[in-house]
Amino acid sequence: MDQFLQHLVNAMVLGGAYALLGIGLTLIFGIMNVVNFTHGALYTFGAYAMFIASTALGLNFFVALPFSIVAGLALGAAIELTLLRPLRGADIDTTMLVMIGAGIILQSGTLWIFGGVAKAIPSPFPDAPLTLGSVSISWLRLFVLVAAAALIALAYAMINGTRLGRAMRATFQDSDAAALMGVNVRFIYTATFALGSSLAAAAGALLGPVYVVFPQMGDLAAVKAFAIVILGGLGSITGAALGGFILALAEEFGAGYVSSGYRDAMGFLIIIAVLLAKPTGLFARAERVG
Amino acid sequence: MLEIRNLECGYGPVSALKGVSLDVGKGELVALIGANGAGKSTTLRAISGLVKARAGTIRFEGQDITGVDPAEVLAAGIAHCPEGRRVFPYMSVADNLAMGAYLRRDPIRVREDFDRVYSDFPRLAERRRQAAGTLSGGEQQMLAIGRALMSRPKLVMFDEPSLGLAPRIVEQTLGIISGIRDAGATVLLVEQNAFAALEICDHAYLIETGRVVKRGTGADLLADPNVREAYLGG
Amino acid sequence: MTRYLPPAILVVLALLPLVLKDPYLLNALITGGIFTIGAISLNLLLGYTGQLSLGHIAFFGIGAYASALTTLGFDIGIFGDFRIVHEGWHPFAGFIVAILLSGACGYVVGRLSFRVRGAYFVIVTICFAEVVRLVALNWVELTQGPLALTAIPQMKIGFPGLGEITLRTKAQNYYLMLAVAALAYVVVARLVSSRFGRAMRGLKENEQLAISVGVNATRTLTVAAAISAAIAGAAGSIYAHYFRIIDPDVFLFTYTVTMVIMVVSGGKGALAGPVIGGLIFGTLPVALRPYMAPEAQWIVYGAVLIAILFLMPRGIAPYLDDWFASRRRAPARAPVAQPQLEGQP
Amino acid sequence: EDAIKIGVNQPLTGAFAASGSYVVNGAKIAADEINAKGGVLGKKIQLVVEDNKSNPTEAAAVAEKLITSDKTPVMMGAWGSSLTLAVLPKLEEYEIPMLVETSSSGKITTSGNPFVFRISPPSALEAEAFAPMVEKLGVKKVDFLVINNDWGRGAAVDFGKMLKGKGVQVGLTETMDAGAQDMSAQLAKIKGTDSDTLMITAAVDQLTLVFKQMAAMGVKKRVVTTGGSQNPDQILAQAGSAADKTMHLTTFLPWSPEKTPDPKATAYFLGEWKNRGYPFAGSTESFRGYDGIRTIAAAIEKAGSTDPKAIQKAFWDVSFIGLNGPIAFVKAGPEGKESGQSKPGVYLIEIADGAIGEVKL
Amino acid sequence: MSANAAPILSVDHVGVRFGGLVAIADLHFDVREGEILSLIGPNGAGKTTAFNVVTGFLKPTQGEVRLRGTSLSGLSPNRINRLGLARTFQRTSVFPNDTVTDNVLIGLHREDRGASLLEAIFNLPRERAGEAARREKARALIDWVGLSARANERAGALSYGEQRLVGVALALATEPSMLLLDEPVSGMNASETQNFVRLIRSVRDRGVTILLVEHDMPMVMEVSDRIVALNHGKLIADGTPDEIRADPAVIEAYLGKSAAAREAEREAAHA
């Protein structure tokens, strides 16, 4: 029972991290329909930004965090302006490949600049965990969970509740029609990509201190993020959040009660099972025939 | 109010408009008729900035709007209800209408316009929360018309608004369109249902393969035997 | 026009070992060629049915393991005392088993995963590949897990009347690769120009319409997936017998990405696409190696990729086709822009 | 032009980039030292360093290039076991010897490849060295948490065997994927067992994560890590108090150069390492490159020629004191095709109160 | 064409719901062999939904559809097509990147003369014979809908009306015994509509039964043998064009008073 509770707590904490990974990608992949292979690189970027801010620049943790998010926003905007804008209207696979190219460049650049050695970001939270009975949870991870929840709520409100969010959704469903409604389509493209990138960077900045920071940290994160977004249903922020928790539960209990060697396999099997049962993800968009 | 001179447009190597000139006066309802592929939709797209003019000028209320972005054309007061409905499929009916009022900053009057659209098309009111892409073809058409009206334009351009609508709704829609004119706004109407368009318009242009070949009052064109032969089914 | 490119390339490549004696370059060509075969098979799915399989390496890996295990033999416990014992067979039997088993896996995966399309298909294939990798890693009794299968015998091929040869030299392996690549190319070429290919294209362009005119979507896509997987399995088999060692790293995601790069940069849905892409991205790393730091090599690799797509967004082969066409009959006839279709939900 | 070429096949990009680069840097120190002293056989030695991208197919291709294009008569490589294993068939094909500096898979020296000479310990050797310490530490029951590859799994098997032989109970064996960052599920399971000791085999980054996550979950057991890739300084810097009281089996003692088998050499190496501006923490990885090249140079010297065959034979006669003990090869693997395995020293160190010291037993 | 021919298609008490929304409620009608039957009704009445049920794109929540007595329940759209039902879509529907000829060839893809997949791959004689026959058929069909001049154009570059004709040719390529057309003349002007009417008639004369959904009342009245009217997913009238035109329920729900009046006026003008 104790072990079960600890697994449950772990899964919640991990789920928060996964949800965080997912929401940035839902914007870019789920809403913009760009298969964003730079997601992992942007996540890594956020973590390194946090590292620089809190070590080289000596910023306070809670100042470094927004700094990194803004840095991600800027990098995202730059990528959109230089790589995606000229390719507007190109095939989805073409943009995907350009994103792969950009991802390779970013990752190798990071390796070149920072070397391959993992870096640790100091955290302002006590090392000793919060212990409730037999269950322990680290303060830092608790903070990440809360921050993840806040970012998810923010992203949700922004996409579903604001004029800008509505314009974003409209633009990627029919950009000509959106232009006819008075939407500055070019700005929306840049803004959406930048926003998704800043969320990816936020994930990196928050999870960097939890884990360690190294150039390839984004690879696994990106695969999981894709899985989470699709599990939740394209373009659904609630879906991405829920998908993150489902994946975390599957992995945690798969490793705990089946076999740790098949830990990741559990997650992937759940995804396969969900998609076979509900081929459009948990939060499907309504479609019709004819 | 709207003056177009020698407008030329195309798609890649295809030249769709080969020098179109037309005038729409304030408060008028002007119809544009012509065969499939004549260039009617292209004319509207050029006005709203979706396709760029290769030559010629478009002036609206004395101001040159040639080559201006769609958003600015709308801001200047021209709304365009495009061919083929073009609703936002994954957004609700209400959100689609809200998009129509995207540039407006007068929430109270926007509310009124919501109510007006809902009372014009009660079916939309029933389906406020339904994803637009799952509406029936005609329901989507109603939504597209309602959405265009949400911006309170000075000039509305309708591209085949009756497409896919049931006869009773066609009737009603044409009524709404004349109503817009009667309320003081200006209308540029493209219709395949030339008969109906010519009946309600003040004057009309006939376009063939990218050129204006005839202009006159609706009654003139209705009476023209060539027009009857080609566009009204004899 | 680029239709004639692959046969021309084939002739050049066939003559290459006669002049090119550097085993390192030959090795690079063999490795690049093996992944090009994978790319040719991926093109069948991505280019002609429009379905991106980002788990394509799974079939390659399954082929590699199947071929190696068929040749090496194994002894595994299933449940209780029940064991399956297999004595090693001839490597060529391994090659055949690889093709059949990969094809069968492709069939099953296709059958299951073609219930979903687009992005959902992509992720199901990624998940499948990961699960297969984890099985290869954890089923130590069969696969030796991370300990790797070593000492895989070299491929042997029997020619009627000529006896049997073991492919020991680079050149021999090179010709094997080339022969399989040519065969894969021909199979894909024939398939896509047949009525099955037409059905695939129909599904890609407008699935609802295709179904409404009687195209059996599941069957068509499944057949494509099975053939594609079988070809990838053949490539995996060559890989196993050439490198003579495989471990779960054959399922590296990077390998799938390599194949996707070959297909899309060369031009998906063009027969010559993966061949051209394979030649470029198979040899680029070798070409860059002497000139710069490893990180810089990757940066250039990424930049070349982006540059190709900026200049030729549909890939090289379609671009060359247009170019040839425009040279043949001036004035140039640029591709017609897509007419505005109705906003599809 | 007249230099003696030595091929170096290391991961400089990809997952293992950090470690591979350290090994290369260590190798360069050795090469420069040797050349400064006049080289080998009167010629300078020249390292031909190639990146295997942490990818086995590339590792084999790199070997092919080094052998056939660069004509290196002897090589060093290829860090990870998967990478090294992929190179083995090339050695046989071209009959070129290779010194293995880091890999620990048993299979490397037991598969009957007479061109392999290894200076890193396979886990069986480590376990053997650890055996005498088990009782002194008072170990009763052990759980394993190992990286899910041949290195980790091999360690669990070899240490398990040794422990059982000593009457120590073996509990869980949990694995983690090479790239995994979150081990909390495994740790939750381990937290619930009655074992007193947890043996962990993983590289430094994963160890850091494991320690942090153990602290976060309140897992309190004696921890002993194995594998020689722990890099205690980095752990200390990055895991902080979470790493307190952890013990590590290591093959190098840069913290107390005076206690190493060849204090002068260690001091020289560490001095050079520092002069070149490399982080101290890297030395636990880089000393293998340093020793590796010194071993190769010794073999060439002994062979008296740069003929690969001669070098291969000469490896058997190499004998000198490396940074972690005597380097001399003994036969391993099937008869007639034995590979060479050197037996380095293994030390147990402990991180306590922010300092690293040898465990006194 | 005779009024009492056996039903080719029976829609038997079919109902469809989307969540809480009843799109079709207990719909029941027959289509007789060889007739042109029109299905009319206000927007959202459920006409397209009925098409989707008949052609297998939607599973009904209740009831079943029978083709010549065989239940179509549970059959996939492509199976239903093989049984002889072909349809067009309300939205323009072609394979935009293929030529007109290739479009039609896709419709002919099952015309295989028994050649197998392997024969196709290796281009064996049987496959080649089949391919030649297919091309000939495609040519004839394209000719027949009047698109010969554009046979080698990309279908996506054709005008709206021409694309509709491609859609019909494509549907006919599957050699259906019954053709379902969803708003085929919307977006066509009056004279184009006239051409289309002639085409529909000649299709029927080839022995193909036609079920038509269309809001163009003059066209419907002119071409139909019989009309069924729908409102809110229920049948509200069934009869000849003249009966329907005069039906108060249909006028109230669908035609609208003035439309009906104008319709009569135009009929008069025609006469």
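By written order: A, B, C, D and E. Residues from 1 in each chain.
One rule holds for everything that comes next: a contact is a pair of C-beta atoms (placed from the backbone, for glycine too) under 8 Å apart; a residue touches a chain by one contact, two chains touch by 3 or more.
All values derive from a computational prediction rather than experimental measurement.
J.: Please state, in steps, how far chain E lies from chain B along the shortest route of touching chains.
T.: 1
J.: What's the chain with its C-alpha centre farthest out from chain B?
T.: Chain D.
J.: Based on CA centres, what chain would you say lies at the far end from chain E?
T.: The most remote chain is D.
J.: Once you count every C-beta pair in contact for both, which comes out on top, A-B or A-E?
T.: Spelling it out, more C-beta pairs touch across A-B than across the other pair.
J.: Would you mind pulling out the distance in Å between where the CA atoms of chain C average out and where those of chain E do?
T.: Chain C and chain E have C-alpha centres separated by 42 Å.
J.: With centres defined as the mean C-alpha position, give me the chain C-chain D separation in Å.
T.: 36
J.: Distance between chain A and chain C based on Cα centroids, please, to the nearest Å.
T.: Here chain A and chain C have centroids separated by 31 Å.
J.: For chain C, write out the residues touching at least two other chains, lowest number first.
T.: Residues 137-138, 208, 295, 298, 336, 339-345 of chain C each touch two or more of the other chains.
J.: Which positions in chain B touch two or more other chains at once?
T.: Correct list: 86-90, 130-131, 133-134.
J.: Residues touching two or more other chains, restricted to chain D: which are they?
T.: As it turns out, chain D has residues touching two or more other chains at 13, 148, 175.
J.: Help me check something: in the complex, which residues belonging to chain A touch chain B?
T.: 163, 166-167, 169-170, 173-174, 176-185, 235, 285-288
J.: Which positions of chain A touch chain D when the two form their complex?
T.: These residues of chain A touch chain D: 2-3, 6-7, 10, 13-14, 17, 108, 111, 115-120, 127-129, 131, 136-138, 140-141, 210-212, 214-217, 219-220, 251-256, 260-261, 263-264.
J.: So in the complex, the part of chain A that touches chain E is made up of which residues?
T.: Contacts found on chain A: 289-290.
J.: Can you list the residues on chain B that touch chain E in the complex?
T.: 35-37, 123, 130, 134-139, 141-142, 160, 163-172, 192, 194-195, 229-234
J.: Over in the complex, which chain C residues touch chain E? Could you list them?
T.: Answer in residue numbers: 187, 190-191, 194-196, 198-199, 201-202, 205-206, 208-217, 223, 336, 338-339, 341-342, 344.
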